[in-house]
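We call the chains A, B, C, D, E and F, going by the order they appear; numbering starts again at 1 in every chain.
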Amino acid sequence: MIYVTRREVFSAAHRLYNPRLSDEENEKLFGKCSNPNWHGHNYVLEVVVKGEIDSLTGYVIDLKELKRIIRENIIEKLDHKNLNLDVDFLKGKIPSGENLVVAIWNQLEGKITNGKLHAIKLFETENNYFEYRGEEN
Amino acid sequence: MIYVTRREVFSAAHRLYNPRLSDEENEKLFGKCSNPNWHGHNYVLEVVVKGEIDSLTGYVIDLKELKRIIRENIIEKLDHKNLNLDVDFLKGKIPSGENLVVAIWNQLEGKITNGKLHAIKLFETENNYFEYRGEEN
Amino acid sequence: MIYVTRREVFSAAHRLYNPRLSDEENEKLFGKCSNPNWHGHNYVLEVVVKGEIDSLTGYVIDLKELKRIIRENIIEKLDHKNLNLDVDFLKGKIPSGENLVVAIWNQLEGKITNGKLHAIKLFETENNYFEYRGEEN
Amino acid sequence: MIYVTRREVFSAAHRLYNPRLSDEENEKLFGKCSNPNWHGHNYVLEVVVKGEIDSLTGYVIDLKELKRIIRENIIEKLDHKNLNLDVDFLKGKIPSGENLVVAIWNQLEGKITNGKLHAIKLFETENNYFEYRGEEN
Amino acid sequence: MIYVTRREVFSAAHRLYNPRLSDEENEKLFGKCSNPNWHGHNYVLEVVVKGEIDSLTGYVIDLKELKRIIRENIIEKLDHKNLNLDVDFLKGKIPSGENLVVAIWNQLEGKITNGKLHAIKLFETENNYFEYRGEEN
Amino acid sequence: MIYVTRREVFSAAHRLYNPRLSDEENEKLFGKCSNPNWHGHNYVLEVVVKGEIDSLTGYVIDLKELKRIIRENIIEKLDHKNLNLDVDFLKGKIPSGENLVVAIWNQLEGKITNGKLHAIKLFETENNYFEYRGEEN
């Protein structure tokens, strides 16, 4: 079993805000991360696929194909967007790093047919990052 | 002459938008960078001070002091903020990297009294960065 | 299950030295790492916590809280310190990267109450790093 | 159980090419990665060894020893070489990242006697990397 | 005057070889860098443009335009290529980092019409890089 | 004129301490950086040499030669050493980043005979760095 990783970047705005709570409660829970005028990040996304090596190509998955899948399904939908307002598959979710890695996993899982999706890692800043390996792990 | 650099980071939202132009013109000029719902970045700021070494301390400027000056005057005003809406010293400016480095220079120039401000560098992403060294350069 | 990581840095002095051995044996075992006048590093510490997402916040653990726990229990005790002389929880231990990750794990394990400590990673240099995931792993 | 990692770098040329296929088929499968005049990379290699801490040294494995093993068995054979033409242990293999991590594992596995080889990670570019943890994983 | 930098990456093969010298002399001058079977690098290119800020856009130069100019004139001609064999504007040149920065400068200088080309920086490895600022500097 | 840069790393211990002052004054001036038990850093050193390209080699200076000069004159004397106690050319100097870049310049200036020493850059941490370009600049 080999683990193959592709790294992509995107820039987006968000705020941490739970619409079930009052503004005061949001401010108390999330502090400056809840600024109503938004803030943003350069996110670094790593997608890890595992599988056996195809003897014809030496590949688990063609990384040009993995790059295309990530760009079409994730980067084009998140880059230079507002994660609270602009993204269909994040509707109704607080755009924390934790919720993002699960949502990105769910977007990509069915699209990867060579190899199997193993992990989603997301760096929100150089000091904070998040990883999800699917429900069974 | 020694050049001393302090690096700080902040996360902010912005959009590129010129209020003197129509929405169509802004969209044409700035593309996805003009998304009305904002996007954002993890900015990396480098402040370069030049000066002679003080023989008592071995310092040009105490970097703890430079850090305090940058945090009070720049980071506290920009971190987790909207650069179009929330920042007094950016009012009326398109928050491009170019305008940001000049505005940050103008904020800091009078505050640095040990040594002399030499350059402001600002990384908007890992691929794009900006530098300003004052009017004479 | 989500894995959340917080990165912090600290600078410290140490030497590799086993007090049960002679100076010659220490020199032979550890070479220049045993310099009696000390040497030092900028350590990069990553603390990984795993847990389920709290639907109220979208968090496994509030990273501001995790940052506070790491700073109070680890960074304040190790930053700008001598790891052989100054640190209560390292007393009697050779301050190798291996012993450091175990000692940091033991310091943090009981302090993390949202989620569960999953791993401690410590970069001693850009080329050498260490990881510990607790006794069972 | 502690995981100890040593990072080394090497520069090499390669092309993706399957000698069982025609030039047209290679071009179709591998695109620009199949350029007959070669291209190349700065590879970053990470070797992860796991084991218990030796109480005499505080080490799982002496990193100077691990560095020597990697340099003698891998770096001297791959650095400034052509991975399709110059390397005995890659003969007959398409030098994809996937095949490289397996081949490097096989070269190193028997050489590590303090601790046990746990993983080989190989960064081909800043965006693409590969990991292998042996057959049983 | 503002300095704007765009970073791009490419992977290429080369060897250091002076066709006016014998193979023995090349081997003596260049050592392993002269391997006749080639080796290669992931090059990191930084292009620095200086100019005044356009008040309509807040830009010195639109970085999407600078990216397009670099990709069309440099990256498409160098990425996954052999620098000794495949590149028209390097014909007859030893592809050292020094010669590369001058050749890339000459390719780009006439193409940049907003602002003025200020510097070309090229990282051959993480430890070696080269800079050229034009003949007058 | 081309600028060629070689990067090297070393690990060392130091404390900021002026022997002409009392312990209380040192503590007040330097804070935790004055810890009498030392602390330390992984320093990153960049040495910049400028010159014309030699048409025989395509080099300003052979980077293997520059690496050898830096290792013999700087790295062997600073790596795994105490900058206050162990280094002849730092005797009597407070080992601040500022004093270090000047001292390293003075060590290297006469040793570089192909090209001319242009700058010394020293990163003390990822957030603090220092540069010196000789007396005339």
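Here is the rule we go by: a residue touches a chain if its C-beta (ideal position, glycine included) is under 8 Å from a C-beta of that chain, and two chains touch if they have at least 3 such contacts.
For clarity, every value in this text was computed on a predicted model and none was experimentally measured.
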item	value
Least step count from chain E to chain F, where 1 means the two chains touch	1
If a chain touches chain C and chain D alike, it appears here	A
Given chain A and chain D, the chains that contact each of them	C
Centroid-based (C-alpha) most distant chain relative to chain F	A
Fraction-based call for chain E against chain D, same above half, different below	same
Distance-maximising chain from chain D - centres being C-alpha averages	B
Comparison of C-F and A-C by number of C-beta pairs in contact, larger one	C-F
Whole-Å gap between the CA centroids of chain B and chain E	28
Centre-of-Cα separation between chain E and chain A, whole angstrom	34
Multi-partner residues of chain F (each touching 2 or more other chains)	126
Touching pairs among all chains present in the structure	A-B, A-C, A-D, B-E, B-F, C-D, C-F, D-E, E-F
Interface residues, chain E side, partner chain F - complex	16, 18, 21, 29-31, 93-99, 101-102, 126-133, 137
Of chain D, residues touching chain C in the complex	1-8, 53, 56-60, 63-64
Chain A - residues contacting chain B, complex	9, 11-14, 32-33, 35, 37-42, 79-82, 85-86, 125-126
